[in-house]
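See the structures that follow.
One chain, chain A, links the two complexes that follow: it is found with chain B in the first and with chain C in the second.
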Partner chain A sequence: MKKKKKFRLWILIVAIIVCLIAIWPLYELLNLSVRDISDYSSRLLPPETVKLSNFKDAFLNKQVWIGFKNSIIYSGLTILLEVVLGSMAGYGLSRGSKRTTRSIKSVQMLIMMVPGVVTLVGTYALMTKLGLTNSLFALALLTAAGGIPSCSFIYMNFINSIPMALDEAARIDGANVTNTFFRIILPQLTPITVTRAIMIAIGAWNNYLMPLYLINNSSKQPIILVIRSAFAMVGGDRNLAMACATCTIGILPVIIVYCILQRRIIASQIGSSIKG
Partner chain B sequence: MKKVLICLLSVVMLLALVGCSGDGSSNNNNKKPNQEIHDNPDANTLAGVNLEVAVNFTGDAQTAFAAICSNFENRYGATVTVDWYGSDHATLMTTRMAANNMPDVYVTAGWSIKKYKDYSLDLRDEPYCKDYTDSALGVIKDKDGSIYVCMVSEGINGVVYNVNVCKEAGVDYLSIHTWDDLWAACEKIKEAGFTPIASRPNAGMTSNAVGTWLTYEGEVANVGDKLLDGTWNWEEYRYVLDAYGQAVDKGYFFADAKSMNEMDTLERLASGRAGIIIGDNTASVQTMYEMNSKGDFAIGPFPASTEEGVEAITVGEGDAFAISKNSKNIDAAKIFLRYLAEEEVTRKLISATGRKACQESVLANDDTDGTKAFLRLEEEYADHKMIYANIFDREYLPAGMFGILGNVAGKIFAGRSEADKKEAISYLKENFDRLYKETKQQ
Partner chain C sequence: MQKRLNRKYFLFILPAILMVVAFKFFPIGNAFRLCLFNWNGYSQDMEFIGFDNFKALINDQYFWKALKATLAYAFGITIVKNIVGLALGLFVNKEFKGRGAVRAIVYLPIMISGFIMGQIMYYFYQYDGGVFNELLQLIGLQPIYFMETGTRTIIVVILTTSILHIGSTMLTYLAGLQRIPNELKESCRLDGANTWREFIYITLPLLQPSIISSVVLNLIASFKIYDIIGAMGAGGPDGASSSLTQLISKYYFTQLRAGYASAIAVIFFVVIVIIAWPINKYLNSKKVEF
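Showing the complex of A and B:
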């Protein structure tokens, strides 16, 4: 019994340290966002005076709202493309012939192992040649294309746990493959679909690299590029407080979504690793 | 279920339409490739042309350049789409080079010859090229006489002094000739209760400042030729490691130097907490005057490594713009660069960047703090054994070494044992060999 208590204390200490490390950047961000422009004191110390007007100024910046709008459109499009296509592909892989499925799975695994940055030059060249720059739909298409292999893989694992008898029963009732998927299988996948949608949204919201390359029109920039501009506009330092306030506002939706839905996200992540 | 599917697809299409819809004003693709344009076009001559311009400006320079582009649009009727690449400029441009998708106009950020010449148009016949100062031509003129950029300013690098702190510590900064003189001055500043050096570990110290150890006549080493042919073994870089290592050990830098950023450095010198910054430029002098208008700041050359050696100011490309060879708007881009080279426009940009003008006509009437600092330098150091040289890494090293040398500065602050020095030299050699080979292959 004593041993168990000691072990728990040790875990608690490690957990606290890990939490502190995770919270540290957020603390610095919040600390800097409420400072006066001339406050050069240590970032670890509280600000000399708390200046909330930085947030007001950031909120009044039209570009922040444009960024929010674009990020919502971009995230929404990515979710739709990735979830619809990924789930359908996952169903096909789950119910398809074993040999074909195995080959496709191998290719998928291969794609999942290649970091996006490795194919950056080729991807960028292709997108520009096709005229797919400054378009949120094109950006979503690209992001979804990168995410579909893992998405369909996860869906496949979930669908594997749904008995084939359901498909057969639907077929006897006269349903074709499309009807069977959308009417019978998809409703069973609601938990993973919701979780996947949240993860895709967070990923798209925070995606920096491809928007940086493909979106240079300020009216099309997602919030992540607005945050970048905020830091650039002030030289990164001179009005750091204002840039940090913009950054705080920009990441707030993601943090809120994660806090509200964290149980579902964690449960599904555990589920996806068990199933299949 | 069909209804759900139809709704879902409708939403996708609706969002796609919103996502793909053009902006109209700043994303106009009705280009007129290489249309005939006169040298002095009237208003709206460039109507329908959309110029893409990639720049690395941030802060005040970004604001100034945005206004400059807006004026250009109003004057000529063209639209200018600016890619504000900021600190990512080099990476993004490298990718665009590899993808053969260069913007119409781009900032070369110091590399107009070594990195961008194969992609850039030769501009030697443009009118502004006849107005450049000799120091500017020394940096941007290729061996065959080609000039690939319209340069509106140049970067002047050296050692920056807080004159009031130096005076209080009994240091005459004009009497500093060698690095030993500089360390002696640091000792005096320290004794007077100040931190001698406000620099943080960066490539300004380990790259920009090292020519006076390694590449000029009369210095402790002169290995420029070996660096250029790739045969140098970097062992002599130990001079640099030893000198800075001792300075760190003697407490000449701030205790938190490793975590300081650029503005911390400037603020500490501007506020009188320190006396010297090694490896900074006239733009920083201008910023410090903005922070403390009552201060007295001067820029001087990097000291010599021996009594017989020379003091050096390193000059680099400042704000320089090139035109892509493959641009569909070459004539419009040329007009844009001529516009940038106009005295009034140049003045607006350099007053924001703090860099020194590099056209004789602009320099004659320039009263920005950056240029004033340069003129003061010329006057105060007139009797010094001083040279103007190209920036060390741009002259002798392959692209990519600047960052490596910056990392070495961090290594000096992290550890100064013999093993640390050996590791730093091996790190330098390894990366130099790799980048040298890559550059040769290109």
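Showing the complex of A and C:
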């Protein structure tokens, strides 16, 4: 009995240390965002006075709202493209000829090895020529194309576990392949679709490299670029609290979504790391 | 009948294939073409110069520095993440109250953009008033210039990235651990093995599928490291810790040397394939069955 108790204490200590390390950066962000400009006290401790007006000022900044709007549009478009095309491809891969699936699977690894910057360098010239810079739709296309391969295979794995008999029954009832997929198969995959959509949205919200070079019009900037310029304006720590407040507001949606759905997100991450 | 159906199913895959061809294969092809030209990225005249860009690369010290740094990042992060991630996976696989919360909190930093995490970490590594230096002074030590030398900066970036992004590796190993049948562990214990032997002879061999995917995926992902380095203020001194991704975007977008940047991009892609492909093949050939 005594031994068991000692064991548990060890677990508690490790758990607390691990959690503190993970949460530390966010604590500092919050700590810096509620400071007064003249507050140079230790960053390890909470600030002398908590100044919430930084958040008010950040909220009054019009650019923050434009950033939110653009990030929502960008995330929405990416979800639409990636989920629709990815789930369709997953269905085709699951039900179609095994030879096609095998050959597509063999190039998937190669596709994953393409760094984002190579994609960017290779398409940037074309995008400028076609006038696709400063377009959230083009940004979404590029982002979705990066996610479609893995998205398709995740859907394929789940559709594999839906019996073929269901497709056949639908066909006997007179449904064609398109109807079977959109009316019978896809509705069964709603939980997966929801999780995918969230992960895609968070990925788009956080994407930095592509917006940085493809968007230079401030009316089209997603929130991450607004946060970037807020930090870039920090001169000698002058607006640091402001920048941190803007940053906190910018990541708040992600944190809220994560807190609500963490169980589902973690479960899906565990599930997707079990291959085939 | 089946053949006709197969054609229909292929039509379902086609849009996805077209997207990947247009935005993955085409860019690579284009990079392979552009690397043979002298071009500033926007003007009409492109001058064909053959392999001159690659010849220039050989004498470009920044390229070699970035290549070295990128390899150090990729292998360093992969090694640290897999060792610490395995340990954490074993830890959160234990039965204790609140382990769900621990998993969720450790995974949280991954949900936040690497750029933002790097930006926050910048205020940890600042010399004056940085969080870590305050901590050092608190226990009576001298403050440190964390980004003084290239090697030191690389180590700082490897440790920071690994620890912030440890959650995904932890979950990969957790998934693997949950798949190991309990009977195996029990029979091992009945045979009188201690925890360490059980880990070496049962857990580790059966975790092989997780180790494979974790090593390969981490390696590929760490090669592409970009936003966290720049945001942390790393990259220096004089490009000693800059990654290839940073160097390519600098040459292409800042110095307007599109052809030259494409040449580096091509080399970069080839390096990833040469390193990651055989590792993937080798590890996959040793698959275990249970």
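By definition in this document, the second predicted complex is superposed on the first by the 249 of 276 C-alpha atoms of A that agree within 3 Å, B and C clash if a C-alpha of one lies under 4 Å from a C-alpha of the other, contacts with A are read in each partner's own complex, and residues count from 1 in each chain.
The definition used in the following text is that a residue touches a chain if its C-beta (ideal position, glycine included) is under 8 Å from a C-beta of that chain, and two chains touch if they have at least 3 such contacts.
Here the structure is a predicted model, which is why all the values come from computation and not from measurement.
K.L.:
Return fit or clash for chain B versus chain C, each positioned on chain A through the superposition.
P.N.:
clash
K.L.:
After lining up the shared chain so the two structures overlap, which partner does A:Phe182 touch, if you call chain B first and chain C second: first, second, both or neither?
P.N.:
Only chain B is touched by A:Phe182; chain C is not.
K.L.:
Report for A:Ser53: first if it touches chain B alone, second if chain C alone, otherwise both or neither.
P.N.:
After superposing on A, A:Ser53 lies clear of both chain B and chain C.
K.L.:
For A:Tyr213, decide between first (touching chain B), second (touching chain C), both and neither.
P.N.:
After superposing on A, A:Tyr213 lies in contact with both chain B and chain C.
K.L.:
When the two structures are laid over each other on chain A, which of chain B and chain C touches more residues of chain A?
P.N.:
The partner that reaches more residues of chain A in the superposed model: C.
K.L.:
A:Arg228 contacts which: chain B (first), chain C (second), both, neither?
P.N.:
In the superposed model, A:Arg228 contacts both chain B and chain C.
K.L.:
Between chain B and chain C, whom does A:Val121 touch in the aligned arrangement: first, second, both, or neither?
P.N.:
Both partners, chain B and chain C.
K.L.:
Go through the superposed model and pick first if A:Leu29 touches only chain B, second if only chain C, both, or neither.
P.N.:
second
K.L.:
For chain A, what residues appear in both contact lists, the one with chain B and the one with chain C?
P.N.:
Common interface on chain A, chain B vs chain C: 40, 81, 120-122, 124-125, 128, 213, 228.
K.L.:
What part of chain C is in contact with chain A in the complex they form?
P.N.:
5-6, 8-17, 19-20, 22-24, 26-31, 34, 41-42, 88, 91, 94, 96, 98-109, 111-117, 119-121, 123-124, 129-131, 134-135, 138, 163-164, 167-168, 171-172, 174-176, 178-179, 209-210, 213-214, 220, 223-224, 226-227, 244-245, 248-249, 252-253, 258, 261-262, 265-266, 268-269, 272-273, 276-277, 280
K.L.:
Considering the complex alone, what residue numbers of chain A touch chain C?
P.N.:
8, 11-12, 14-15, 18-19, 21-23, 25-26, 28-29, 32, 40, 42-44, 81, 85-86, 88-89, 91-93, 95-97, 100, 104, 109-126, 128, 141-142, 144-146, 148-149, 152, 177, 181, 202, 205-209, 213, 224, 227-228, 231, 240, 247, 250-251, 254-255, 258, 262-263, 265-266, 269-271, 273-275
K.L.:
Which of the residues in chain B come into contact with chain A in the complex?
P.N.:
1, 4-5, 8, 11-12, 15-16, 18-20, 22-23, 26-27, 52, 58-60, 62-63, 81-84, 86-88, 92, 95-96, 98-101, 261-264, 267
K.L.:
Report the residues of chain A in contact with chain B in the complex, numbered from low to high.
P.N.:
40, 73-74, 76-77, 80-81, 84, 120-122, 124-125, 128-129, 134-140, 179, 182-183, 212-213, 216-220, 228-229, 232-238
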